[in-house]
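Chain nomenclature is as follows: A, B, C and D, assigned in order of appearance, with residue numbering initiated at 1 for each chain independently.
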Amino acid sequence: MAKFLPLAHAVAENLRDGDKVAFEGFTHLIPTAAAHEAIRQGFRNLTLIRMTPDLIYDQMVGMGMAKKLVFSYAGNPGVGLLRRVRDAVENGFPNALEIEEHSHAAMANAYEAGAAGLPCAVFRGYRGAELAKVNPNIKPITCPFTGEQLAAVPAVRPDVTFIHAQKANRRGDVLVEGIIGIQKEAVLAAKRAVVTVEEVVEDFDGLHPNLTILPRWTISAISIVPGGSHPSYAHGCYARDNAAYLEWDEIGADRDRFRAWMEENVMRAKPEDFAARVEGLRAGASLRSVA
Amino acid sequence: MAKFLPLAHAVAENLRDGDKVAFEGFTHLIPTAAAHEAIRQGFRNLTLIRMTPDLIYDQMVGMGMAKKLVFSYAGNPGVGLLRRVRDAVENGFPNALEIEEHSHAAMANAYEAGAAGLPCAVFRGYRGAELAKVNPNIKPITCPFTGEQLAAVPAVRPDVTFIHAQKANRRGDVLVEGIIGIQKEAVLAAKRAVVTVEEVVEDFDGLHPNLTILPRWTISAISIVPGGSHPSYAHGCYARDNAAYLEWDEIGADRDRFRAWMEENVMRAKPEDFAARVEGLRAGASLRSVA
Amino acid sequence: MTGFTPNEMMTIAASRALKNDDVCFVGIGAPSAACNVARLTHAPDITLIYESGTIGTAPDVLPLSIGDGELCDTAVTTVSVPEMFRYWLQGGRISIGFLGAAQLDKFGNINTTVIGDYAHPKTRLPGGGGAPEIATSSREIYITMAQSKRGMVEKIDFYTSFGHGEGGDHRKRLGIDTAGPTLLVTDLAIWKPDPETKEFTVVSLHPGATREMVQETCGWAVKFSPALEETPAPSELELATLRDLKARTDAAHKRDAAAAKRGSKDG
Amino acid sequence: MTGFTPNEMMTIAASRALKNDDVCFVGIGAPSAACNVARLTHAPDITLIYESGTIGTAPDVLPLSIGDGELCDTAVTTVSVPEMFRYWLQGGRISIGFLGAAQLDKFGNINTTVIGDYAHPKTRLPGGGGAPEIATSSREIYITMAQSKRGMVEKIDFYTSFGHGEGGDHRKRLGIDTAGPTLLVTDLAIWKPDPETKEFTVVSLHPGATREMVQETCGWAVKFSPALEETPAPSELELATLRDLKARTDAAHKRDAAAAKRGSKDG
């Protein structure tokens, strides 16, 4: 049952060294504030799971928190490569990083299977693709009616999932809107789930009955962190900070510059700092009105 | 690409003798007008597919149009049994009816697999249930990672699916809201799809981005039939005619009374008659406003 | 408080078994009434889920079907049917699956498929609907039904949904790790499975009910708990809540019926 | 009309291949520009789908990522990522999958995973993302990339997504029933697979491009069609549309950047 907690408490209560953890968000609503809090608390030996590891996983890998990365696209979206992830994979810096690599279709299906309580996902995938040869977690499975050979991957079941959302109501139900990505599945597949939100509203009365809502009993903790997905965006609240993504390409490229940036912007910062970071981006928030 | 057609044309163009056809709707938005048009046009040898066959399949079976019924719950919802289906199964009247029976979970997964282009659906189901012994379309499949034995059923792929929805826009995109049931999957699983709608609006501007919308290129034909799901209901438009369901229990119980009712209310009726049937039910439409 | 019917007692006794933090998959009929009485009395935060996709619903009147508009109007969210069965039921989110039964045996196995032979049935019933997977994916199953020799039988004609099978560890032997039927509430008594054999055993008689009445309306030889209790009679609040709910429901359905008739005459 | 860059020619030539009734799964970068030029010129009703879940989107500026808010704002509907990959891609609803490539071979096989050995890569690239299944579930694949010996190679280091494999009927032999790569548009030429061997063959040279220029920037021995054509130069409308789109995009990104900076200084 969702408890409203300060972010530091929510992270401390729900994340542990050695956990399999997903900080999910598909370009939109990336839970940056939660990831920065996890970095400040210095967790170790994490298995980081995400379809699209971007800046926050580059940061966590660069800070030596990860032993393994499960992913399908490790890039700086629209910009290029993730320099810290590259340094770990290519040079073992700051530590060797085991990788389990999938396609988007496989990861999406694996989260879906996790949410659905299944041990594996079955889909038509990886045909002719070499990942099936280097990843032992991709296996064939045969349709018992047609004989067609399909692909199977294990369900993704994180110990804990972190997401960012636009709104919670006072009871603790959470509303996600716009590009909803894989967040619902990531929460339902996990043992525990922590949600940072832009704001808390009295209730969701008057909203459309078919919106993407996570009932309060699917969530462990909610923290109110306005701006908490910067430099990503929150549909209807503030726009994506594309400049920050471009800038990261340079920051991440250099080990020392990376460390200095992290020290200043993460280690010495607080969840409350996120609100100011999006102040100038609020005018550029999506035009299409969201209830 | 969706064409706007009078219902008689839409049915004639898209349904054929011998087709596998789904008239879907889960209590809500049942496409009665489309079914009645199909009855008037006198199709034969149909395989009728539906999770919850109710009055309209009782009527089609009673009129001798069906050779097979694929279903998971053949009842008059909230009232009792389907008398015409019983007569066909128990007595072969007016003709013998082959049945393929599933659970709701299996049918929902089978439609989902059809929409997803898969040959079969895999789920955890039928454990200890006797249907798995009498239905050869339920087979075991083994998770290649855990060894758990799961259930597989063939995907449902209708030749044509009929649904009823609240709104189309002028371009032919269709909006379904409220209890959305299995309609999206039933349309996407089918080769052809016909939608009856309460009304056509200029566009869906200003509506929430995550609503259940079927793009115009997933639909073959749209017909405007206000009240077209009576005695079922259309969320936001008119309430369920519970009395008609109770009354059906008596009508369907008697072969002659059934025939007389069909003659008067279906064979000699028109799609335009549905509007009047819901006039008194509009005041009882759902309170919760839908955009 | 005096003057209540066995059916009222059944609904109220069933409602008492539900807790405020339960997530309950609600079958139509008696289960629906019990769940809503619980919500309107001691379990205001209970989550009621109907298989039509409505999650966290709080209807003001009892729905006639599992997909009435009222359920959606008052729900926290309404999802598609595949999502309902995949994420919410199969995903292990349901604490209590609440079922009725046409035929029930002493091990909580349920038949709602056929009377007679499957291929040539004497009576073709509606079928399982959601029940086969509700029975195995919910953490526990509660069953409620009025007693009759036709309904409570030594051997059911068809295993629509699996309870404790032949009893004992039969569920475990099939790899089913949920508890299965843990409670049966009838119009005469409260039953719980024996910890070893899993046979339903009467643990509490409703006020006015006797061992003989229970046996006379049950098709198997009934076992009674050595520590047999009497079910507390409905409280004023419970009875008033149930009766108000039924009265609102009847009034709503009559109003709708009148409106429908007026509509079609106008038409 | 004179004065256009090879990159502009590439985008415009690619845009011309798209039809008004196509349903196009759009990769970011060059594919995104080509698809939107098509939409803004001859194919106003084209359906553009980005893997973030936006269906039928019509962005006014080019998104930097596949999940920019603009895509959702202008979409017919926005669905979850599992639904996108299950119902829309795997469901066979995509007519054209439009991909870019880091490394490409002459049979349209694409590598975006690693340069060097997979376990010990020289360069770790981002990986496949949606491409492995886009390449096999879309009815056809269009590829667009600027030519270079580093990019167009005799042998790719990793088969991220399957084109025609070793050529011929290799797709069929794997049970893949979609057409695979049917078009390659570079900054110098238009290529189509040979009907038999499936090797990409130059069918049209862009204005100003020569056979020598094509060969010098390609890592395999290039085959030219006997009926080699010249790509029509961009029309005024095409060029103006592309440049307006780029100008709007640059302006929007600069405005956002300034706003973000102002925001954090204020903060």
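In this text, a residue touches a chain if its C-beta (ideal position, glycine included) is under 8 Å from a C-beta of that chain, and two chains touch if they have at least 3 such contacts.
All values reported here derive from a predicted model rather than from experimental measurement.
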Query - Those chains which touch chain C and also touch chain B - result: A
Query raised in the report: Where the centres are mean C-alpha positions, what is the separation of chain A from chain C, in Å?
Result: 40
**Report entry** CA centroid of chain A to CA centroid of chain D, Å
**Finding:** 27
Query raised in the report: Taking each chain's centre as the mean position of its Cα atoms, how many Å separate chain C from chain D?
Result: 56
Query raised in the report: Of all residues in chain A, which are in touch with two or more distinct other chains?
Result: 112, 116-118, 123-124, 148, 178, 180, 184-185, 209-212, 235, 288
Query - Overlap residues in chain D, where contacts from two or more other chains coincide - result: 72-73, 78-79, 86, 90, 137
Query - Topology of the chain contact graph, where touching chains are joined (line, ring, star, complete, other) - result: other
Requested in this report: For this structure, give each pair of chains that are touching.
Outcome: A-B, A-C, A-D, B-C, B-D
Requested in this report: State the interface residues of chain B toward chain C in the complex, per the touch definition above.
Outcome: 26-28, 51-52, 71-75, 77-82, 85-86, 89-90, 101, 103-105, 108-109, 111-112, 123-131, 134, 148-149, 178-182, 184-185, 212, 231, 233, 235, 239-245, 273, 275-288
Query raised in the report: Which residues, counting only chain D, touch chain A once they are in their complex?
Result: 28, 51-54, 63-74, 78-82, 84-86, 89-90, 113, 118-119, 121-133, 135-137, 158-162, 165, 170-171, 174-176, 253, 255-264, 266-267
Report summary line: Interface with chain A, chain C side, in the complex: residues 21, 23, 47, 55-56, 72-73, 75-79, 86-87, 90-93, 137
Query raised in the report: In their complex, what parts of chain B are in touch with chain D?
Result: 1, 112, 115-118, 173, 184-185, 188, 204, 209-213, 215, 217-218
Query - Interfacial residue positions of chain B with respect to chain A in the complex - result: 116-120, 122-124, 137, 139-141, 143-146, 148, 150, 152, 154, 177-178, 180, 206, 208-212, 235, 288-291
